[in-house]
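Below, chain A partners chain B and then partners chain C, in two separate complexes.
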Partner chain A sequence: MLAFGIRRLTISLCVALTVSIVAFFLLHMSGDIAQAIAGTDATPEQVSQIRVQFGLDRPLVEQYLNWAWGVLRFDFGTSFYFRDQVTTLIAQRLPVTLALGGISLLLALIISVPLGVLAAVKQGGWIDRAALMFCVLGQALPTFWLGLSLIIVFSVTLRWLPVSGSGTWAHFVLPSVALGWYAIPAVMRLTRNGMLDVLASDYIRTARAKGLRMPTVLFKHALRNAMIPVVALAAVQFGFMLGGSIVVEAVFSMEGLGQLAWQSIARQDFPVVQAIVLVLAVLYIGLTLLADILNAILDPRIRIA
Partner chain B sequence: MTAQSPSMQAVLPSRRARFDKFRRRAATNPSFMAGLVVLVVIAGLALMAPLLGLHDPYAQDLSRRLIPPIWHAKGTWEHVLGTDKLGRDYLSRLIWGGRISLLLGISTVIISGVIGTGLGVAAGFFGGRVDAVVSYVVTTRLALPVVLVALAGAALVGGSLSMVILVLGLLLWDRFAVVARTATMQVARADYVAAAQAIGCSTSRIVFSEILPNILNPLIVVATLEMAHAILLEAALSFLGLGVQPPLPSWGLMISEGKQYMFFSPWVITVPGVALVILVLAINLLGDGLRDVTAPERRN
Partner chain C sequence: MALLEIQNLTIDIPTSGGLLHAVRGVSLSLERGKTLAIVGESGSGKSLSSLALMDLLPRRAVRRADALRFNGVDLMCATERQKQDLRGNRMAMIFQEPMTSLNPAFTIGDQLCEVLLRHRKVSRTEARDRAVMLLEKAGITSAGTRLGQYPHQLSGGLRQRVMISMALMCEPDLIIADEPTTALDVTIQAQILRVLRDLQSEFGMAMILITHDLGVVARIADDVGVMYAGRLVETGPAAKVFTTPGHPYTRGLMDCIPTPGRTKPGERLGAIPGQVPNLVEELRGCAFRERCGQSRSACGESFPDLWLADDHRVACLSGQSAENAA
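Coming up: the complex of A and B.
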């Protein structure tokens, strides 16, 4: 178990390092950053002054090492636009995105897991077919359009919920539905298939044969085993949601990391973009690592492979 | 083919027989047929757009702004789906927009399919160190947040249609690689691959005439899913203003341009949104159906 954990941790650290290199070099090789900061009508002197001021005249590798050394001490550099610490900016916005992702995931699980179990128990019945149809339809809805449609129905027509912002809990309801929606089909399918596999296994037949009631069998025997892959998928989906929240935050004007990333891309504020790519990637890597280790604890067969 | 012995021909069903079997199974699969019919209609409309006698999708008429669609009390038959904020015919823009979505979906999948399949086949066929490197590259790619990197990429190279296709093609190859790797591993163990190696076939011959034809089915299913994914991503990028640029009639862009009028004229976002849902739904249904149709004989 320890060897498995150490091996997975090492790979995760290497991947994080690679992502940081990719993020840094892609943005820095894209054009003249000093020109981008200075604006189109700056004189050549102003551009070269900015180049020295931000250390952009140094060799790329040296710039990367400087940046990476800073990142290790949670110093992501200075935003070109805000002239402020990137770390501070991220720390201000991260809670909104984490809350949005967390609520969305919770919502998705509350809907998809019971639906998946029900679909598996009544395989081929109308609930099963309706759930599968719902999945296919769910995957075809564009997140941003779903968000806008929710605004039209619930904020404008019914006037139940606010249109945009991220001040109170009510501001999180519609965005969470829009963001959580995308995870429902995947989680539901996995729960359903996991339950089908487990329900067809010998130990469930034994449990039924010795006279246990169906609910006991379902919840004490079947669900626990069927949930192992779902836990891993939920962690991965949480990572996807943090990355995907950029669209939802833009639709609902939420002051989160996604909104900051979107605006920073439009402003060519590279230090912020690069930092957010890295933060989101590291969160995702951490979540998949957690999922793998949880899986290995829950299912001893994985550790050996 | 002529070199094959009679006994081999008896064992392997002919191409014709396999196609007939595929057609029989496909015709009875409701998901496949529904997806196919809708997709053929959309593709037909998109291909024939110049011949349909539609309004010019770029022609502005500021005296006829935001005319509602025909089911609305104030709708007119001249503009069946109404007009947008610049008085451009919405039906015409919708159909021309379908061309963009289909072109983008197909081109993206060609790029990502070649990259992903190449990596996956190499990993599955050679195994060992090659496999380790490819798995590492896939893990790294999965760690990158797709929407954010696509946005940044499109912003860096400039948001023209071909650049959006390139950025998405370079990003969406991961599922191809994973599926191709697993499928290749299974096929590479088959006797006919060992036989081909034994009679001295070159590696490229084995890959192209033994392995690729036999892993094609799952890859086509992945291609449909990724095509749907690419179309949705393009719409999102264009909606955020960093994808396809105006005045091109991309559906995502139409929703973005309609956003400020959606409170009083909700159909400006409903019409392109529903079109997007129908197209993606049809592609997904086709893919789901194809998976069932091409899967080995069902066990139950």
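Coming up: the complex of A and C.
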């Protein structure tokens, strides 16, 4: 188990390194950063002065190493727009995005896993068919449309919840529904199909032959095996949610990382964009690692592989 | 009173081609402590019949019977709860597929102890001790360490020994073994059968052994039932069925086994010509008559039930002549 953990951790670090290199070089090749900082009506002298000031005249590899060294000490440089530490900016916004993603995922799992189990147990029944309909609907509705509809119904018409912002828990309800909605169909279908496969397996027949009660058969013997692919999917979905939060944060004007990324791209605020790409990538890698470890705990066969 | 009493058991399975009449009226009874072997080729309904006793049939299958009594309990009227209390406790089953019959996510010990903890008021330690004792009886060395292992760390033979131990955890009255050695190497098969027979006689349980291996039957069965196309065509004490088989199908099966001394090297083994009838259709008369060398017109009309002796029953008209000749 320890060897397994160390091996996976090493792979994750390599991936993180690669992402940081790619993010850095892509951004630096996408335009003249000194020009972006100086603005369109700056003189060539001002531009070259800024280039020297920000170290942009140095070779790219040297710039990368400088930046990477900073990153290792949680120093992502200074925002061109805010004239403030990027680390501070991210530290302010990240909790909002993490909370939004976490609540959305939790909401999606609470709805989709029991629904998937129920649909599998009552295969072909009305719950199963209703759940499948719900899935099609869930996948067909675009996030921004759902978000706007929720605002119209619950904020404007019913006046139950705030329209925008991220100050209190009430601000998180609608965005979480809008973001979590999208993950429900995939998780539910995987749970349902996984349960169907497992319920038809020989070891479930054995469990029933032992005279175990139905809840034990379903939740101990079946669900644990059916959850193995779902855990991996949930981690990937959480990653998608962090990315998807750009749209939801924009719709609900939440002060999160997605909103910051969206604004910084428009402002050509390279250090911020670079930092957000790296932070999201590292989060994503961490989630995948967590999923691998959870899978190894659930499935003893993986621990040796 | 017999431990198990089955009267006119039928099993129908809806398929895309129509209703499959997989088992068509099986009646038998089993005394305490006896071993009944049910033989027959694939699709004859022997596995389904045994699953019907445990009520573990596929969900779509429809089970009917005039009587299905176990230990005085009417299984046709029993509630799901009553049946759950019997399963694993008074009746236990060993399956054909040791490789897939254990849950990959739990340790051997957990899966063994679970049966006893479910049916008896015992502590974990007591359950563990019994598991170790039974694993050792089933021929597993260092049983204590095996308890902490997962199924994938064990070979097929070991897993089947675990399954046998699991079936014995509550010391049931009846153990149903559905082709327990089919998936194993020939060398392991004999060991597993010996373990099964020894433990059965040690604990005094009745056993239903499903197999298509007549050699196995000869070694451990008290009684034999021969199944063909969802019906029992011959039942009787193993000795009688082997020495004086009454049904042409039973004789055909026995001609298929090579016997040292009698079968000459290079000689072709016996084979039964033709195919098993389509089980979707209603069968009139004897299902075997198309493949039978002794069939006559009367075979197409009735499904006879004849007693060759007071414990030897045959469903064949030619059995009548054999009886007359004797």
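Methods note: the second predicted complex is superposed on the first by the 300 of 305 C-alpha atoms of A that agree within 3 Å, B and C clash if a C-alpha of one lies under 4 Å from a C-alpha of the other, contacts with A are read in each partner's own complex, and residues count from 1 in each chain.
Convention: a residue touches a chain if its C-beta (ideal position, glycine included) is under 8 Å from a C-beta of that chain, and two chains touch if they have at least 3 such contacts.
The structure presented is a predicted model; accordingly, all values stated were derived computationally and were not measured.
Trainee: Looking at the overlay on chain A, is there a clash between chain B and chain C, or do the two fit?
Mentor: They fit side by side.
Trainee: Figure out whether A:T206 sits in contact with chain B (first) or chain C (second), or with both, or with neither.
Mentor: Once the two structures are laid over each other on A, A:T206 reaches chain C alone.
Trainee: Report for A:A266: first if it touches chain B alone, second if chain C alone, otherwise both or neither.
Mentor: Only chain B is touched by A:A266; chain C is not.
Trainee: Contacts for A:L141 in the overlay, against chain B (first) and chain C (second): which applies, first, second, both or neither?
Mentor: The first partner, chain B, only.
Trainee: Determine how wide the angle is at the CA centre of chain A between the CA centres of chain C and chain B, giving a multiple of 10 degrees.
Mentor: 80
Trainee: Touching A:V247 in the superposition: chain B (first), chain C (second), both, neither?
Mentor: Once the two structures are laid over each other on A, A:V247 reaches chain B alone.
Trainee: Based on the superposed arrangement, let me know which partner A:V277 touches: chain B (first), chain C (second), both, or neither?
Mentor: first
Trainee: State whether A:R224 touches chain B only (first), chain C only (second), both chains, or neither.
Mentor: Touch status of A:R224: second partner only.
Trainee: In the three-chain superposition, say which chain, chain B or chain C, touches more residues of chain A.
Mentor: Ranking chain B and chain C by residues of chain A touched puts B first.
Trainee: For A:V19, is the partner it touches chain B (first), chain C (second), both, or none of the two (neither)?
Mentor: A:V19: touches chain B, not chain C.
Trainee: Can you give the closest approach of chain B to chain C, taken over C-alpha atoms and in whole Å, for the superposition?
Mentor: Closest C-alpha pair between chain B and chain C: 9 Å.
Trainee: So in the complex, which bits of chain A are touching chain B?
Mentor: Against chain B, chain A makes touches at 11, 14-16, 18-19, 22, 26-27, 30-31, 136-137, 139-145, 148-149, 151-152, 156, 242-244, 246-247, 250, 258, 261-262, 265-266, 268, 273, 276-277, 280-281, 284-285, 288.
Trainee: Of all residues in chain A, which touch chain C in the complex?
Mentor: By the definition above, chain A touches chain C via 201-203, 205-213, 216, 221, 224-225, 298-301.
Trainee: Which residues of chain C touch chain A in their complex?
Mentor: Chain C residues touching chain A: 54, 56, 83-89, 92-93, 95, 97, 100-106, 114-115, 118-119, 150, 152, 163, 166.
Trainee: Once bound in the complex, which stretches of chain B touch chain A?
Mentor: Checking each residue of chain B against chain A gives 31, 136, 139-140, 142-149, 151-153, 155-157, 228, 232, 235-236, 239-242, 252, 255, 259, 262-263, 266, 269-270, 273, 276-278, 280-281, 284-285, 288.
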